[in-house]
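You will see two complexes here that share chain A, one where it goes with chain B and one where it goes with chain C.
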Partner chain A sequence: MAVGLASSLFSFLSAETGEKLPLSLSLEEVLSIGNLEDNALYQWIGVAVDAEGFIYLTDGMDYSVKKFSPQGGLIQKTGCRGQGPGEFLAPRLLGCSDKQVFVTDQNTLVLQVFDRSLRYISRIPVRTPVVDLKVFPDGRFALADVSIGRPGKIVLFNKTGHVLKEYSYSRKTGPLMEDWVSFELDEHDNLYLAYSFQDKIERFDGRGRKLWSKDLLGMKNVKRQKVGPWEVPQSLVFKDIESDNQGRLYILGGGYSEKPSRTVYVLNPNGEHLSTFFLPESSHCIYIDRWNFLYSRACEGITLKKYRIFTAGIEH
Partner chain B sequence: MNSAKCPAWLSLVLLIMFCIATDTQREYQTIRTPNHSSRLISEIQSGETSKVLLLFIIDFNDFMCMSCLDSFLSFCRSIPSRSLEKNAWGVCVLADIDKKPEKKDSGRIAEKKLRGFIAANSIPFPVIIDHSRVFQSFAADGTAIVIIDVERKRIARYNFPIGNADARKIGELFRNN
Partner chain C sequence: MRARSKKILVTLTALCVVFGLVTGLAVPELHAGPCEDAYKRCVATIGYSPVSMYCGVGWVFCKKYIE
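The block that comes next holds the complex of A and B.
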């Protein structure tokens, strides 16, 4: 484990629009897990942190889920290639409740449930591959799936997998993958969406009413390319959305942002653009824990970085 | 759900999801030549070992392709493990060489990912990185199998995914060796 300090202060000006932004953010690296020599991580994909600060990661290269101490030591590992209980073909996203860890597999239509010592408990069937997952401390969880051929929706489940609520965020079926989203659901059931293939961030209230919709890049259309008989988007617009414990939204930009896979846009819950900053290295996702530490990827997935977020400026 | 049994559109969607999840980086640098690649080269050049050689020429970019990995693993499992231990080598080719300074560790990152994959799948034969680019031309069309006969005179090449008929033919060859 190597820990370094890399602090930088970012501009108050929006990179895309040049508008004056009210906040400036800086990141200080506080933890680094995985390096070129060790066997900790080969290609991590999903990350979650529990209430005690233990870090859970899925590793796509060795089909595993790994648990690290708050100091970054590997303390547990489970999983191998397969389709049986506790096995994976392509482990992806994960989330922690107070007692359990939920893990998705891109190639099997189940959500696997483990205890916090990574002992297998059960599996919950899902309809289609999952593109985003949110797990609440009480065991409720919400999924966004691939929504092919039907309008997109987010489904909230109780801890045994029974549907509690559905958020239908689009009313019509658009081009292939147009409705794919990353989402964030807060404790008051407000839903925030970052569209993977549209320049669109949205908020819905607990009753499913759209409160606002915003573009960040001023894009009209996403470029598409022909793959066989299909036209698919060439690049992601937004890769991930997270919120901190003050309700600010952090949105990781994709291929259309100034620095692809490194640009993070910060909005307040009303959709006002507060700040933009850049991750030191490109990442496929961001994660913010309950103490406002931000986690992202480095070294093409063999390293996880943890940062403290500092803010400066006046937020209205 | 096995991706081979998926509808085509779902395979496409899964592939795109995989690329999103892994944030595919397609540039890798060539790095120094290790000693064991010269051992393989001498084994190819000499017929003294009196065995058919099976080379898995692995394009590292295919590590970003789920169905390629599945095809590779399925084929490996169709050959008796003893034959693979005795006759097979894997050669990982790092194409798309990028000289950018920020990519200086890409070769070592590729090695590490490969190490995890090999251990997790109990691959029973040695896999080397083609640092010296000797095998790069074999991977021009992606991951392939190259069979070199006992006399070192004939070479057959099969690109992945391997069809059933070819898989049977190769399997027979190694059941008799």
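The block that comes next holds the complex of A and C.
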């Protein structure tokens, strides 16, 4: 396992955007998992880190979930192609509670639950394929319940899959996929949305009331294209949203950002833009663990990078 | 050499696997618009119904990964 502990320091300047922002961020690479010479990862998709720093990844190429030590060594692997217990057709997202690992499959309407040694425990039925997932330490989990022809919802479940709360963030049905989102839900049940196909970031409180809504790019409309018989959005506006342990939001921009799939916008919980920085390589997602380490993709999915986030400046 | 082979294999298969189609539905085509090609095949195969959520979600994951 190649572990890149070299302290290559990348700097990310909001000055590049010409905008004076109150916070400056930089990243230092502290760990690299997977490379062209080993068989650790082929195409990782979902990432999560547990309370002890173990790293879990889904790998779409070998239909597996993999567990790595905090130092980056592969210590467990489970899964193969199939629809039985512990098997996958298209493993995607995952999340860790204190005791369990929850894994989504794009092509089956279940969440599979494993213990932290990746032994299969159970499956929980879901209504639609999952585009985003959040798992809390106590086992509660939330899903983006997006669909076609129905306004989108974020649904919060208890650890056995019973609905605790629904956030109906969209009141109308628009063009195909218009209200699909990535989301972040904090411990106080505040919901943050980054729209996949709209220039819109929103916050809702625990009662489902919208607190603010803002754009980051000044876009009015997302280009759509006809693919087969349907008009679909041409490119993603925002790919992912995460928060750190100080409540800051990190939003990964898509194809409309200055550096597509590398631009990360940082906002405070009130929606004020604090900083913008760039990942060294394009990524499909970002993940921030409880110690504020940031994880993203490199080498087209063969590599996972872990970074320490440095901040400087005064946050207003 | 081994590294190059792995990279080619990964690139070829990734386009298909990312979309999450049932094996056999999609053969990756290395030209502009792999997500478009896969989406067309998915809709043509599964049809446009609530089930075609699979195609929509496939579109999102593909775009996230490829772009």
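The definition used in the following text is that the second predicted complex is superposed on the first by the 298 of 316 C-alpha atoms of A that agree within 3 Å, B and C clash if a C-alpha of one lies under 4 Å from a C-alpha of the other, contacts with A are read in each partner's own complex, and residues count from 1 in each chain.
To be clear about the criterion, a residue touches a chain if its C-beta (ideal position, glycine included) is under 8 Å from a C-beta of that chain, and two chains touch if they have at least 3 such contacts.
None of these values were measured; they are calculated from a predicted model.
S.K.: Applying the touch criterion given at the start, work out whether A:80 contacts chain B, chain C, both or neither, answering first, second, both or neither.
M.R.: The answer is first: A:80 touches chain B but not chain C.
S.K.: Would you check which partner chain A:235 touches, where first means chain B only, second means chain C only, and both and neither mean what they say?
M.R.: In the superposition, A:235 contacts chain C only.
S.K.: Please work out whether A:265 is in contact with chain B alone, chain C alone, both, or neither, and reply first, second, both or neither.
M.R.: In the superposition, A:265 touches no partner, neither chain B nor chain C.
S.K.: Is A:106 touching anything from chain B or chain C once the two structures are fitted on A? First, second, both or neither.
M.R.: It touches chain B and chain C both.
S.K.: Share the list of chain A residues that count as touching for chain B in one structure and for chain C in the other.
M.R.: The overlap between the chain B and chain C interfaces on chain A comprises residues 36, 42-43, 45, 60-61, 81, 90, 92, 106-107, 129, 131, 146, 148, 176-177, 196, 227-228, 230, 232, 236, 239, 261, 282, 284, 300-302.
S.K.: Note which residues of chain C are touching chain A in the complex, please.
M.R.: Going by the criterion above, the answer is residues 2-4, 6-7, 10-11, 13-14, 17-18, 20, 22-23, 36, 39-40, 43-44, 48, 50, 52-54, 56-61, 63-65, 67.
S.K.: Could you pull out which chain B residues touch chain A in their complex?
M.R.: 1-3, 8-10, 12-14, 16-18, 20-23, 25, 66, 73, 105-106, 108-109, 112-113, 115-117, 119-121
S.K.: Would you tell me which residues of chain A are touching chain C in their complex?
M.R.: 36-37, 42-43, 45, 60-61, 81, 89-90, 92, 106-107, 128-131, 146-148, 176-177, 180, 196, 225, 227-230, 232, 235-236, 239, 254-255, 260-261, 282, 284-285, 300-302
S.K.: Give every residue of chain A touching chain B within the complex, in rising order.
M.R.: 36, 39, 42-43, 45, 59-64, 80-81, 90, 92, 106-109, 129, 131, 146, 148, 176-177, 196, 227-228, 230, 232, 236, 239, 261, 282-284, 297, 299-302
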